[in-house]
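In the two complexes that follow, chain A is the common piece, with chain B as its partner first and chain C second.
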Partner chain A sequence: MSYSLDFGPVLAGFPDLLRGCAGTLFLAAAGMVIALAIGIGGVALRSSPVPALRWLVIAFVEVIRNTPFLVQIYFVFFALPLAGLRLPPTPTAIIALGLNGGAYAIEIIRGGVGAVPKGQVEAGLALGLHKRDVFRFVVLRPALRAVFPSLTGQFVMLTLTTSIASAIAAYELTSVAKLIENESFRSFEVYGTITLLYLLISWLVMRLFALMAWRYFSYPVK
Partner chain B sequence: MGIPELLFLLQGLKWTLALSAIGFLGGGIAGLLVALARTSERTALARGTAAYIALFQGTPLLMQLFVTYYGLALVGLQLDPWQAVAIGFTLNASAFLGDIWRGSIEAVPRGQVEAARALSLGYASRMVDIVLPQAFRISLPATVGYLVQLIKGTSLASIVGFTELARAGAIVSNQIFKPLVVFGIVGAMYFALCFPLSLVGSWLERRLAAPTR
Partner chain C sequence: MSASLSPPDPGDALISMTGVDKWYGSFHALKSVDLQVRRGEKIVLCGPSGSGKSTLIRCINRLETVQQGRIVVDGIALDDSAQAVDAVRREVGMVFQSFNLFPHKTVLENCILAPMRVRKASRAEAEATARTYLDRVRIGEQAGKYPAQLSGGQQQRVAIARALCMEPKVMLFDEPTSALDPEMVKEVLDTMIGLARDGMTMVCVTHEMGFARQVADRVIFMAEGEILEEATPDAFFRTPRHPRARAFLGEILAHH
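Presenting the complex of A and B:
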């Protein structure tokens, strides 16, 4: 073997890589917030009395879930300026991530909402709670708690998906790694290192969600 | 968007299909071995494959492609881009399918294995005749779901420089300056591949859930 590994450029660029990790986490967190909002809003719309709205949500979910994220991010990247919205790559990537994650969140949360017994909703209404409060406290919270493990898995996936945002040069770890690779040609060393960084990031996100589950959902079941 | 552009996209679609097929077949064979190792009674083997699965599930597919692509070149294997990418997808599929099938094997009622043992069936017969046929049925919905994920995932081969559907779309888009039309068509092609599979997947899931509950 004539090739010898040289991690010099990786070490020299390590502060940049760490900033890239922060960029990845920011992208993921912002995407998750949008995804959760779309997920909750979508589930509410999906039980709307207007059939057109219900079908819109179903179509959105199926289109997003059956096309690659790369095509979606390209589409958003080119569609936003045509709609008169000129955004830098990073906000564009956040919108694409939010839309993608939102479709999966709708499906996951819908499963949880479907598992809430009908009698509980009726009991809430009988107690004189407002419809909105019944949705918030009687339906949504137990539903989120029930699907929290799947939601965690989906959001870890969303975190890993942020690497595709490098295709439109959003600021995150893979883009930073590409810059270092272009200057040093140490492709394997650079990508091998950030693969381990991604492993660390996904572990961190998983722990964070476990902490959240413990903090918000550790009330007794019955 | 004329006929030549459309033909170019179809050319890309062909490679997307080929890459998905290779990934699924290669990953299926390797994934079965991973699943068997993961459910093995030898702790070292089970732990090793657990780490293998965690590695692939905890890192982006794009990085896995990059690392196999450059890693194979590093150990002196001169491969075409499509070969390197095919190996990358095979490894990824082996980990994901391995984990899906691990779950299916574990979902086969314990008594089945115990009964096979009581009949003094050996490991091979126990697996081939008793456990795997039942696990196969349980695994179908998730396996089809992963196939959809794999087809969508092949679009990342375009970032490594391999001309499949997504890259064909990017090339045509750069030529005719109509990105929304081109990516709309490309998206529709992926949808035409994935949506029927998704429907089959959810149908299988419903059918599987019916008799057991």
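Presenting the complex of A and C:
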């Protein structure tokens, strides 16, 4: 049985696919901002003097890391309305991506904080800085630098995970591809094309992170 | 004169430790330590490795907590209150063996962080102060460099300047030259000698006996968490009374 390739529908839908890419990048970027904020805030809270806050962070990380993202996104999608907050699919997806990425970011950044020598914290405290300022001005940047490759990997992962947001019909590349496939039945051509587009997106995200590393973390070390 | 160190008038003490005991778990690290440091006084603290010298000076700025005893710095009793700890740390500068400069900040940025965050100085004020002290430790031209671009001796001088930028009333030094290549020890000691001449109150953990002779008002010898001997440098080096001090000096001199 032979299959004859027909890229006509893909070509016709290409502007839509490109808009889908933009949607994916938007979901990813917004998700990353939230994830990074949760990651940094979570690590700070994890050493809070209030035990309840520490436990909250630990529980959050455990729940997120031990449940599938698809379930998480459905949960946010169907749970938020019960709490009286009815959001369209795209903001819902951003929240779910941010929460999911945030849990992983907490674990990664925590590792980076652990890699900062104790003497750095002591020097900060000895200068009279409060614990909070020591974290913010002394520990954070070297900690992020130490784990930046892992963080990049995690955020590329987050970018690709946006694809699962098609389950709630958020506007992104996979949703657009599904529509084109549903109309044309050209599954191989459609998914082959978006495979390449995802590769391109991943590469782009990695380049952006490399640029950021160069900009923020290129101070010399011994 | 050696034996007649009159007990300092506590009213004049900038640092006063009385009956201080410290345990790490079940390990008794400081054993009823009494120490008074007068304003302007220079103390050299020495003793074998593991004798509790670092622990002692780290109690003065509350990097370590104690289980028993009373520590008063510049009239502020160190207790568990955050205000007391803050107030004491504002007045006490510390220099570490491993410099502990912040690697992601330039020399100047290292020096202005605490004055801006803690003393609420404006950036302009903080930079002016920083440049004064960087010039004083003769490293002003390196203000824009990162710590990793400096030699060990230069880094330690920056660390001294950084502490001075908070205009502390007392400076604590924990083996400031032990991590340095021999050729850089002198530049750091000279900086410390300059500081001593300017009247700074100093507590220095060091085995640099030349430095001790030149600047110390008192040498304090510790072993196993106890202060075993206090004397003028002259008396301590010429006629150490405690057998452990004699053994210690023997070893130090054999190494030099």
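Criterion: the second predicted complex is superposed on the first by the 215 of 222 C-alpha atoms of A that agree within 3 Å, B and C clash if a C-alpha of one lies under 4 Å from a C-alpha of the other, contacts with A are read in each partner's own complex, and residues count from 1 in each chain.
One rule holds in what follows: a residue touches a chain if its C-beta (ideal position, glycine included) is under 8 Å from a C-beta of that chain, and two chains touch if they have at least 3 such contacts.
On a predicted model such as this, the values are computed, not experimentally measured, just so you know.
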item	value
Chain A as common anchor, with chain B and chain C clashing or fitting	fit
Winner by number of chain A residues touched, once chain B and chain C are compared	B
Partner chain(s) touched by A:137 [first = chain B, second = chain C, both, neither]	second
First (chain B), second (chain C), both or neither touched by A:4	neither
Chain B versus chain C as contact partner of A:220, first or second or both or neither	second
Partner chain(s) touched by A:122 [first = chain B, second = chain C, both, neither]	second
Lowest inter-chain C-alpha distance for chain C and chain B in the superposed arrangement, angstrom	22
Those residues of chain A which chain B touches in one complex and chain C touches in the other	none
Chain A - residues contacting chain C, complex	117, 119-120, 122-130, 133, 137-138, 141-142, 145, 217, 219-222
Touch list for chain C against partner chain A, complex	61, 63, 86, 89-90, 92-94, 96, 98, 100-104, 113-114, 117-118, 146, 148-149, 159, 162-163, 166
For the chain B and chain A complex, residues of the former touching the latter	55, 58-64, 66-67, 70-71, 73-76, 148, 152-153, 155-156, 158-159, 166, 169-170, 173, 179-180, 183-184, 186-187, 190-191, 194-195, 198
For the chain A and chain B complex, residues of the former touching the latter	1, 3, 62-63, 65-72, 74-75, 78-79, 82, 156, 160-164, 166-167, 174, 187-188, 191-192, 194-195, 198-199, 202-203
